[in-house]
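Chain naming follows the written order as A, B, C and D, and within any one chain the residues start at number 1.
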Amino acid sequence: MNVQQSKTAIIEFIKVNKIYPPDVIALRDVSLAIKPGEIVFLTGMSGAGKTTLLKLICAMEQPTKGLIEVAGHDLGRISLKNMQLVRQKIGMAYQDFKLLPKLTVYQNIAMPMEITFTPPKTIRDRINYLLDTLNLHGKADIKPDKLSRGEQQRVAIARAAANYPPILLADEPTGNLDRENSDLVIKLFAQLNRAGTTLIIATHDPVLYKSYPAQTLELSQGQFVFKDQATPKTATGE
Amino acid sequence: MNLHLSSIIVQTARNLKHTWGTQLMTLITVSLSVLMFSFFFLIFLNLKQAGGQISKNIRLIIYLNNDIPAAAQPQYIQKIKSFNKVDKIIFKTRNDALRQLRQQLGKDGDVLDDLTAGFLPPSIEVYPARDLVSLAKIKRFSDFLATLPGAQKVQYGHKWIERLSYFTQLIRLIVLLSGGLLVLTATFMVSSTIRLTVVSRNDELEILHILGASKSYLQMPLIIEGLLQGVIGSGIGLLCLYFLFNYIRSRFTGPGLMSIIHFSFLPPPTTAAILIISILLCTTGSIISIRKFLRF
Amino acid sequence: MNVQQSKTAIIEFIKVNKIYPPDVIALRDVSLAIKPGEIVFLTGMSGAGKTTLLKLICAMEQPTKGLIEVAGHDLGRISLKNMQLVRQKIGMAYQDFKLLPKLTVYQNIAMPMEITFTPPKTIRDRINYLLDTLNLHGKADIKPDKLSRGEQQRVAIARAAANYPPILLADEPTGNLDRENSDLVIKLFAQLNRAGTTLIIATHDPVLYKSYPAQTLELSQGQFVFKDQATPKTATGE
Amino acid sequence: MNLHLSSIIVQTARNLKHTWGTQLMTLITVSLSVLMFSFFFLIFLNLKQAGGQISKNIRLIIYLNNDIPAAAQPQYIQKIKSFNKVDKIIFKTRNDALRQLRQQLGKDGDVLDDLTAGFLPPSIEVYPARDLVSLAKIKRFSDFLATLPGAQKVQYGHKWIERLSYFTQLIRLIVLLSGGLLVLTATFMVSSTIRLTVVSRNDELEILHILGASKSYLQMPLIIEGLLQGVIGSGIGLLCLYFLFNYIRSRFTGPGLMSIIHFSFLPPPTTAAILIISILLCTTGSIISIRKFLRF
C-alpha cells in the first residue's frame, strides 16, 4: 500500500523484530522508511536499540522477524556478492570504532577505498583531506592504540566517510569529542549530505540533534516513541 | 583487474608483515612436520627393501636319507612350491656335500680324499620367496618340508636368520608406531597452529567483511599465504630430509656394506605428493578462517 | 616550600612531563595537588592529555620527568607490593572500559573486591546495590560483549566504584550515556564523595562540570590553561 | 588466609573454564611431546643394551700353525689384552678342532675316527669386550691378531656379525637423529603453544594488574595451571608409553626370542626426571606471561 514510498526509500524496515538469544528484545515491530539524501537522528536511552537498528541496516545482525530493504535489496534474500556491494555503499562509524589494530591510521581510512579498488592517488588525496578536516594532522602513520580515544573516534568517522558512501551510519559519533571537534564532524556530515549522502546518526547528545534541522526518531525499549500514525512515514518510525 | 591484483598483493604483503611471528611459527611447524613424516616414510621404505634383501638370504635345508634321482626332482619341486612361493631349489647329493666340506676345510681338504661319499647326507636347499619374512611362517614351512618323503630333518639357516628376522620385525613395528605417532603429532601441530592463527585473525576478517570486502579480496591473501607456507614449509622439510639422507648414506658407504642394504631416496611422485598435500593442508587451513563469514 | 600542602594532598604532581615515544608531548610541566575528599573536573579538547594524566595517577604510565605522589607514595620509587596496594585504593573507570571479556558483568564488578579478598556476602550485596543504582538489573550474568555500549560504560563505572575506593578516577564517564543514566552516575559519584572519596572526572560534557559545584581544570596541549598563579594550589593546575 | 586460598582457587577454576580449548591443546601438546621423547629415549636405552648383547656374540678366531703349549698361553693372553679389552680367550688344539668337527657332523662323525688329529689347524678364540661394536675396530683388532707369532690367518665370525653390527650402527644413528628431531619439535611445540597462550592472556593479566592484584594473586593461578598441565600432560604421555611398551613386548615374547634382547622400561629415576622437567617447563612457560608486569 505504500508502494510509492517503498520505491523511493533507500532504507526501509517493515515490522522488524530483533531478539538476542535467549530473550533480549532489542527491537519490536519497528517500521521506517528513509529517503535518499535525508538526515535522521536516532535517539533514546542507553539500551533502547539504536546500535541494533544500525547494525541491521549494514547486515551485521540479521532480524528475527520482518523485512529490511537497503538500496533496493531485500537483505533477507540477498546473495553474498550483492550484500558486499550494498555494504560498500554504506559507511558506518561504529560506537566501538572497530579499527584494525595492526594498520596505521592512514591504512585504516584507506581500507574502504582499497576494497573498492580506488586508484592510490585518489585514496591519498581523500585521506589527506579527511585528516585535515578532522584535526588529525600528523597521526597518519600511527597505530590506533597509540591515539587518544577521541582521536580514534575521528579516525572511525573518517573511515566511514572516506568512500563518499550513499549511506552513512554514525553511532554516537561525538561521544568522546569536545564541542570543537564535534563541530568538525558535523561539518563533514553536512558536506556529505549536500553531495547526496543519506545520514543516520544515533546519538544522545541534544546539542547535536536539536541544533540541526533534521528529523529525530526516538527509540524506547525497542519501539519508536511517537506512534500516533498507522503507516510508515518518510523518516518516521512507526 | 591490474589494480585488483596489486591491491591484493599489497594486502598479502601487509598481512605477512603484521603476522610474521605467527607465520614463521607456522612455517617451522610445517617444515618440521614434513621433515618428520617424510623421514619416517623414508625409513619405512628402505626397511621394506632391506627386509626383502634379508629374506633373500634365508634358506631351508632338508637333509635326506638318500639321494633323489633327477627324475623325481620335479615332483619334489612341485610339492614344495604348492606350499609356499619359492625363489630357488637346489638339490645336493652326498658327493656335493662332501665337496662342500672339502671346500670348507680349505687346503686341509685333501684329508678327506680317502673317504667314500657315504658319510654326509644328501640335501635339498630351499630359498623361499622374499615375502616370507616372519619367523612363524618359516617355521610352518619347515614343518611342512619335514613331511616330504625321505626327509630326515630340516634346518632353517643359522641363528642369525632368526635374529635378523626378529630384528627386522621389531624395527618395523617401532617404525610403524613412531610413524603413526608422528603423523598424529604433525597433524595436531599444524591444525592447532592454524586454529590459533585463525582465532587471532578473526576480528580483522570480520571488520573487512562488514566493510564490504568481496569474497576474492578476503580469500586471495589467505590462499596466497597458505600456498607460500605449504611450498616453503614442505620445501624446507624435504630439503632437510635430503641432506639428512645423504649424511646417513655417506656414513654407511663402507666397502661391502652398501651391498646389504640399498639406500634410496623418496621417489619423485612421493615427493610431489608430500608437497601437494602440505600446500592443500595449509591453504585449506587458512581459508577455514573465513568460512564463517562467507557461506560457502 | 609547599610542605604543608604536600602533606595533606592525596594526589600531587610536581612538574610532570609525559612524552610518548618518539615525540608526542602529552603533558608538559604539569603540577597539581588534590586534597582528600575533593572533586575535580578535568576538561580539554580531544588529545589534550586528560587520559594520560589519569593513567599517571594509577601508574599505568610512567612520567618522563617529574614527581608523582599518590596516597603518600612516590610512584617513581615504590615497590611492586606497595604499588599494588596503592592501586587497590584507586578505582578507575577507563575511557575504553577495559572489561574482562570472558567474565560476566557480575564477575567483572566483583574483581576489585576479590583482589582485596572481600567476603563473598559483602561482594554480593555491593554488586546488587550497584546494578540497581546504575539501571543494570538483569544484566548480571551476561558477558560484556553482549551489552550495549552505554551498558558497558556503566559496568566499568560500577567496577571502579565497587570497592569504596579513596580515589576514584572517571575518564569520560558519560560519553555513551543519555541524560537519565548520566544522572544516575553523578548520583553515585556524589554518594561516594560524601563518604570521603576523592573524585577526578575527565569529561567534555559541559552539563556535567557546569552543573556540579566543583573545581574544573582545563588542559590544552598538555598544559593547564589558567597559569596566572606561580605555585601549585589545591586542586588547581599550574 | 583461607579466603585468599579459596579466592585463588576460584580464579584458577575460572581461568580453566574460559580457556579450556587452549588448555586442552597445550595438554595434548605436552602429552604427545613427552610420549614421543620418552618413546625414543626408551628405544635408545634398549638398543644400547641390545648392542651390548650382540657384541657378546662376536669372536675372532686365530688359526695357528702349531699348538701352543700351555706354558706359552699366558704370554699370548697378555699380548692380546694389551691391544684391546677381552672377555674370554679359548685355546683350541688340533684335537679340540677335530672333536668339534665330529660334533658338527653328528652321528656321521664316526667316519673321522680313522683320521689323525693332524689335518685341522689349532686356533685361539678371542671374545672381545662388549664395547667393541664398530666394525672398523674389529677389523683393526683382527689385523693386530694376525701379527701374533704363529698366526696363520684370522677369521672374525661369520658374515652375520658384520651385518648385525652394521644394522645396529644404522639404527643407532637413525634413533639418534629422529630423537634429536623429536626433542627439537617437542620443544618448539610446547614453547610456541605457550607463547600463543601467553599472548591471548596478555590483556586479561594487564587489567588484573592495574586493578591492583597482588603478585601472588596473579601468579598462583598460573603456577597451578602449569603444574596441572605438567603433571597431567606428562602423566598421560608416560602412561601411553607404558601401554605401548607392553604391547611391543607382548608381541615379541616368542620362545627363545626374549633371550636375545632384554626389554626394559624407563628406570624410575628417569620417569621422575621427565615428570619434573615437564612440570617445570609448563610452569615457567605460564609464569613468563606475567614477567613484563611484575619485575622479578
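Remarks
The rule we apply is simple: contacts are C-beta pairs under 8 Å (C-beta built on N, C-alpha and C of every residue); 3 or more make two chains touch, one makes a residue touch a chain.
Treat the numbers as computed from the prediction; the structure is a model and nothing was measured.
Counting hops only between chains that touch, chain B reaches chain C in a minimum of 2.
The chain with its Cα centroid farthest from the Cα centroid of chain B is C.
Per-chain Cα centroids separate chain A from chain B by 62 Å. Inter-chain spacing, taken between the CA centroids of chain A and chain C, is 31 Å. Mean C-alpha positions place chain B and chain D at a centre distance of 23 Å. Centre-to-centre separation between chain A and chain D, using Cα means, comes to 68 Å. If touching chains are joined by edges, the resulting network of the protein chains shown is one closed cycle, each chain touching exactly two neighbours.
A list of each chain pair in contact follows: A-B, A-C, B-D, C-D. Residues of chain A that touch chain C in their complex: 20, 24, 43-47, 51, 95-96, 135, 146, 148-151, 153-154, 171-172, 175-181, 204, 206. By the touch criterion stated above, chain A contacts chain B in their complex at residues 58-60, 80-81, 84-90, 92, 98, 100, 102-103, 107, 111-112, 114-117, 119. The residues of chain B lying in touch with chain A in their complex are 3-4, 7, 10-11, 14, 18-19, 204, 207-215, 217, 294-296. Against chain D, in their complex, chain B makes its touches with residues 22, 25, 28-29, 32, 35-36, 39-40, 43, 105, 108, 111, 115, 118-121, 135-136, 158, 160, 162-164, 166-167, 169-171, 173-174, 177-178, 181-182, 184-185, 188-189, 192-193, 195-196, 199-200, 244, 248, 251-252, 254, 256-257, 260-261.
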